[in-house]
Structure formats: structure tokens, C-alpha cells
Amino acid sequence: MKKIGIADTTFARYDMYESAVDELSKTGTGYEIERYTVPGIKDLAIASKKLIDGGCDIVMALGMPGPEAIDKQCADQASKALLYVEVETGTHIIEVFVHEDEAEDEKKLKELADSRAREHAVNVYDLLFRPERLEEKAGQGLREGHPDVRPLR
Amino acid sequence: MKKIGIADTTFARYDMYESAVDELSKTGTGYEIERYTVPGIKDLAIASKKLIDGGCDIVMALGMPGPEAIDKQCADQASKALLYVEVETGTHIIEVFVHEDEAEDEKKLKELADSRAREHAVNVYDLLFRPERLEEKAGQGLREGHPDVRPLR
Amino acid sequence: MKKIGIADTTFARYDMYESAVDELSKTGTGYEIERYTVPGIKDLAIASKKLIDGGCDIVMALGMPGPEAIDKQCADQASKALLYVEVETGTHIIEVFVHEDEAEDEKKLKELADSRAREHAVNVYDLLFRPERLEEKAGQGLREGHPDVRPLR
Amino acid sequence: MKKIGIADTTFARYDMYESAVDELSKTGTGYEIERYTVPGIKDLAIASKKLIDGGCDIVMALGMPGPEAIDKQCADQASKALLYVEVETGTHIIEVFVHEDEAEDEKKLKELADSRAREHAVNVYDLLFRPERLEEKAGQGLREGHPDVRPLR
Amino acid sequence: MKKIGIADTTFARYDMYESAVDELSKTGTGYEIERYTVPGIKDLAIASKKLIDGGCDIVMALGMPGPEAIDKQCADQASKALLYVEVETGTHIIEVFVHEDEAEDEKKLKELADSRAREHAVNVYDLLFRPERLEEKAGQGLREGHPDVRPLR
């Protein structure tokens, strides 16, 4: 039995945790899930660290940075801290960030958040249970949430 | 008995420590508070580290970066160092920064500093004593100091 | 027998792994290759760490950042994490990033990705087996993927 | 007997060390001073590390970044490295940087460098010997070198 | 006998190693030199780490970043990694970077690279053998490669 940690925030405007868990349940079995909710994206690194120290084999870090310049700076800080935790613990953390200015209206942003969480949930499953599926898709221009782009030709 | 560390600065133009302590006292019991005041926000990381090494279970780092480009750069440096201390010590540090250009006049800035310190004080209490309250509010668009935004629809 | 790790992504739009492996095979012998495919460039650092922990003597990290500002920020985060892994493990990681805006059309971008992967594959071989070749070319204005520039005169 | 380390540079255009030492001597006793001079601000982190490893209880890092964009980038790198040393060693490093574009002419810049070094020297003394003085001034809008600003009202 | 490590790149357009070695030989004795050539500036950190682990008492890291925005970003990454190695190993690394846009033509750029390498070679010698010379020049506005500026008055 593997353990998947999911860290998320009260700042986000969409519950990506539900999307991720639903998609994981459709993708396969052999894992349990532990959730850790924090106020904002800058708290995701320590949440991920605590999840990993508590036995998680992989972590999803779900966040929705705002549209302002200061939000971009916070997202940069949060991402770098997540990368640091990954390397220090030797454990994958899949960052699932949806920036508020990535879609033109709330409905599209909601769809983006849902689909990105779902597609990264499959990545998490693949990294844990079937890494050969990722290798088969190397260099294929996959995008999570947005439509895939085709390989160069 | 838990210990909450509060690091703050002589640079700030409002005593957020008083707001945080007052709000904590209204929120619950079971903790004691230790304070560490430093000159500026770049000193908050080492102050937080010393508070944690001294037994604090969680830290609030209170700061008010100025409005200039160099102030933004200092805030970025300070935030990254706080994130590093968090991950190294495995301990939450709740960053409570109020940027001088976040409000249009002194009165509004003061209100923002007061309310942000109070709302993050509740986050600190929740992380320590009742994490299930944060989980219930995941994805709800909560904002500390500013009005909450509604979830996407 | 040395072990060369190659980390790559499903996000990339060209399979640089094939170019690298083909060039290595033309360059010399004495090594085996281990591959680790991840979703995006921000996952290359932990992939490289895992490859090194698994016994690789050197790693190539292959990625193709997109053209937007947020992509540049992600590339910066990814690069810094790769540098951190290098220093922590005492092991070379040769970053082979091709930015989508480095060439004017898809065909040229594909050629750039192919040639950069190949030229860095030779660098990897040289670092492992014949470092004196690099020393001979010090200060010669070599460029991987783009034409070399001449030394200053 | 406490030991105060002072790291400074040959790049700076004013000898802030003399200002700091003079102000410390007027402020109190109970300490000795060790100096370490390096070429530029990017060397201050390793100088501070060596001072701390040599027994210093606190360090002042004195530098004068130039006015160009590249100088700002160097200052950012230097500051981040100083923060890292602080946290790793658990020791305060008070960064005293004066940017060449902070004052309109050489005379004012010289006065700024002198007064900032002096006011931070008092901060160093307070952190070492009388931290309660900093706590009393928390949130009071203190500025080192420039005039203090008043608390918000 | 001290050991000076020199890391340089095949990307650079001038052989600063020769300048540095020539100047060191004119400055004094008591040291031997070890060289490590890598492809680009982002490889200088791991090269420096390897030189230090191999017994070097100090390292010069020679590089020539290109003139584009992406080159500036690479230089920033490289510098931060060098700083990290310095602090982790407790060893000075003197960064000698010459940016391609620092001079108006190739001839001036070549002269700049030569003189900067030479002046920093003397800094390296001073740090190793006669640190009192640096202390005497503290705050004197020294510049490596460019003309010194005078102290503020």
C-alpha cells in the first residue's frame, strides 16, 4: 500500500482536492490518501515536508496563485521551496498551480483547475505504479489542463 | 502547553504583535507566547530559527516591507529565508507581511495590518489545535486582511 | 563501466533522449544508460537526484521550456534545483534546455534540440572519460546547438 | 566577553568599519571586534561564515553595491547568501548595505553610509546585550541611515 | 604549499586562465594550481566543489556570460550556486565573470577579461597569503578590470 499526500490551501478558489481524488479513484488502486490543508501556497512546502515525514511516497501540492505581481513572486517562492523539499527528501512533489490569469473567465478557470488536477493525478499514479507510461510519452508535448501540443515536425 | 513564537520588527509602522496576541486570547487557550523583535524583515528568518530552537511549536513572522523596488527585493529575500527555516526545522512559520502600497492611506493600511495579523493568528491557532477547520475551508477563496473572494462558479 | 543518467519530460516537443543516446553511441564506449521520464522540467531535479542515488556518475537533464514569462520562471526554478542537486551530490548534471523561442520555426527548433542534445552528449562523454579535451578548448567560444563563436581578437 | 565580527570590502567607497567601531565604543563595553576585509559584496557571506566559525557571536556585513542593474543583481545574490549563513549558523548577521543611488550626491551618500553603519552598530549591541530595547521599539517605523518614519495613525 | 583551483569554460571567448596564472606567477610563490574546464558557467559550481574536495584552498571561477536576458539569468543561477558552494565548504571562490556587454568592442572586452582575471588573481593571492593588504584597502573604491573609483568625499 502506497501513501499519496495532498496539500492544498484555503486561499484557492476551487477544491482541486476533490478532482484529484476522484481521478485517482478512476485510475487505479493500491494507495491511500492523506490530506493537509494550509492557508496559502507559501505554506505548501512545510505541509509537503510534514506529509513526507509522515510516510507519504509522493505529494501533490495544489494551489491557485492570484493575478498580481506580488502573487507571482509568492508563487515563485513557493515553487522553489517545494523543489527544495523534493530534493532534500528524495520524494516527488507534483506542483499543481493554476494561476488566476490563465483563463479568461471564472467558468474556464474552474474547468482548467479541475482538468489540471485530474491530469496531474494520473501523473502521480504513473510515477508511483507505472513509470513506463511516462517514458512512452517522452517528448510528446503533453500539457496538463491545457490541450496537448503536437511534437515538433 | 504549546509555545507560539512571534517575531517582529522595529521597521514596521504598526504593532501587529498586539493584534495577534489579542486575537489569540479571544480564540482559545493552551499556549504561551514568546516574542523576538529584530530591526528589519531580513532579520526575521534568524529570529524565527532562534524561536524554534528555543522550543516554539509554530512562529508568526510579522513585517511591513516598504513601497520601493528595493523593498520588494528585500521582502523576497526575507520570504525565501523564512521558507528555508520552515523546511529545515519542520515547523510552520506563518508570514504576515503587509506591504506599504497595499492600501491607499495610513488609516486603511493600519486596519489592514490589524486584521491580517488577527486572521493569521487564527490560522496559527487552527494549525496547532484544530487543523480540521482549515480542511473544511479548503478551496474557499479565503483572504487574510482583505475581504474573502468567493469560490469559482 | 560508468553509468550515465538521462532525465527527460513528456512536456518537451522533441525526443532529445534519442539524439543523446545516438551521439553517445558514436562517441565511445564504457558506459551504460539509465532513463527517467517525468512530466515537466520542474520534476527534473528530483529525477536527477534519484538517478544519482541509483548509481549514475553523471546526468543529462533534457527539457524544453515554453515561450511565456511563466515558462521562463519555471525554467529558472528548475535550473536552480538542478544546480542544488549537483552540488549536494558532487555529481555533474548537464542541463540541456531548449527554449521554444530560440528558433523561428518548428523545423529549426527541432534541429536545434537535436544538435544541442548531441553536442552536450559529447560534453558528458568528455567529462567522464577525457576531460583533457575540454581543457584544450577552454576560452574558445564553443556553443552547443548554435554555431560556435570565435574567440575575442 | 562577546566577539563582534565585521566583514567589509575594498569595493566600497567609504570606510563604514570606522563608523561602526566608533559608534560601538560610544554605546557600551563587553565585546571585542574581529575584522575581515574581502574584495566585494559577494565575498561577504563566506567572510561572515569564517568570522562565525572563528567564534564571533554576531556579524556586521558592510557593503556598497553600485548603481547598475547588474549591481542590484549582485546585491540580491549577496543578501541571499548572508541569510543562508545566518540560518545555517544560527547567528545574526546584520547586513549594512548602502546603494550608490540612495543619495543624490557624494556628500549625502557619505553621510548616509556613516549614519547607517552607526545606527546598525547600535542594533548589533542591542541584539547582543539588551534585546528589550528592540522590543520596546517594535512597530515604531525606525529607519537606519534615513530619518525614522512615524507609526501609522 | 597552498593549492589554488581554477575553473573555467569552453563557452568563454578568452582564455582568462592564462592571464590569471601569469599574474599569480608575478605576484608570489608558495602555491600550486589545479585546473578544471567545463562547458559553461552553470557547470562552474560543481567544478569548484570538486576542486575544493580535491584539496584546493581557494578557487577562481572564470566565466563570460553572453549578452542576452537568458544569459543574465544563467549568470544569476551560476553565481548563486557558487555562493552556496563557498558557504557549504567554508572556502573562498572568487567569481571572475566578464559580461559580453560590458565593453563596446571585442578588443576592449579582451582587455577587460585579461585585466579582471589579473586583478582578481592578486585578490586570491592576498586572501591566501597576505589578508592585511585587503584590510588596508577597505572602502577605497577598488574595481577589478575597470578603473578604480575614488572614495566618497
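Going in written order, the chains are labelled A, B, C, D and E, and every chain counts its residues from 1.
As a working rule, contacts are C-beta pairs under 8 Å (C-beta built on N, C-alpha and C of every residue); 3 or more make two chains touch, one makes a residue touch a chain.
This structure is a prediction, so every number in the text was calculated from the model and none was measured.
Chemist: Which chains does chain A share as contact partners with chain E?
Modeler: Output, common partners of chain A and chain E: C.
Chemist: Just how many steps, at minimum, does a route from chain B to chain C need if it may pass only between touching chains?
Modeler: The fewest touching-chain steps linking chain B to chain C number 2.
Chemist: To bring chain A onto chain B by a C-alpha fit, how many degrees must it turn, rounded to the nearest 5?
Modeler: 70
Chemist: Could the interface between the copies chain D and chain E be described as same, meaning over half of its residue numbers are common to both, or is it different?
Modeler: Homomeric contact, different residues on each side for the most part.
Chemist: Using Cα averages as centroids, what's the distance between chain B and chain D in whole Å?
Modeler: 25
Chemist: So what's the Cα centroid distance for chain C and chain D, whole Å?
Modeler: Taking the average C-alpha coordinate of chain C and of chain D, the gap between them is 41 Å.
Chemist: Scan chain A for residues touching two or more other chains and write them down.
Modeler: Within chain A, residues 80, 84 contact more than one other chain.
Chemist: What kind of graph do the touching chains make: line, ring, star, complete, other?
Modeler: Graph shape, chains as nodes and touching pairs as edges: a ring.
Chemist: Could you spell out the chains in ring order, with the walk beginning at chain C and its first step landing on chain E?
Modeler: C, E, D, B, A
Chemist: Touching chain C in the complex: which residues of chain E?
Modeler: 8-17, 35-39, 42-43, 45-46, 49-50, 53, 70, 73-74, 77-78, 80-81, 84-85, 88, 106-107, 109-110, 113
Chemist: In the complex of these two chains, what residues of chain B are touching chain A?
Modeler: Those in contact with chain A are residues 72, 76, 79-80, 83-84, 86-87, 90-95, 99, 120, 123, 127, 131, 134-135, 137-144, 149-153.
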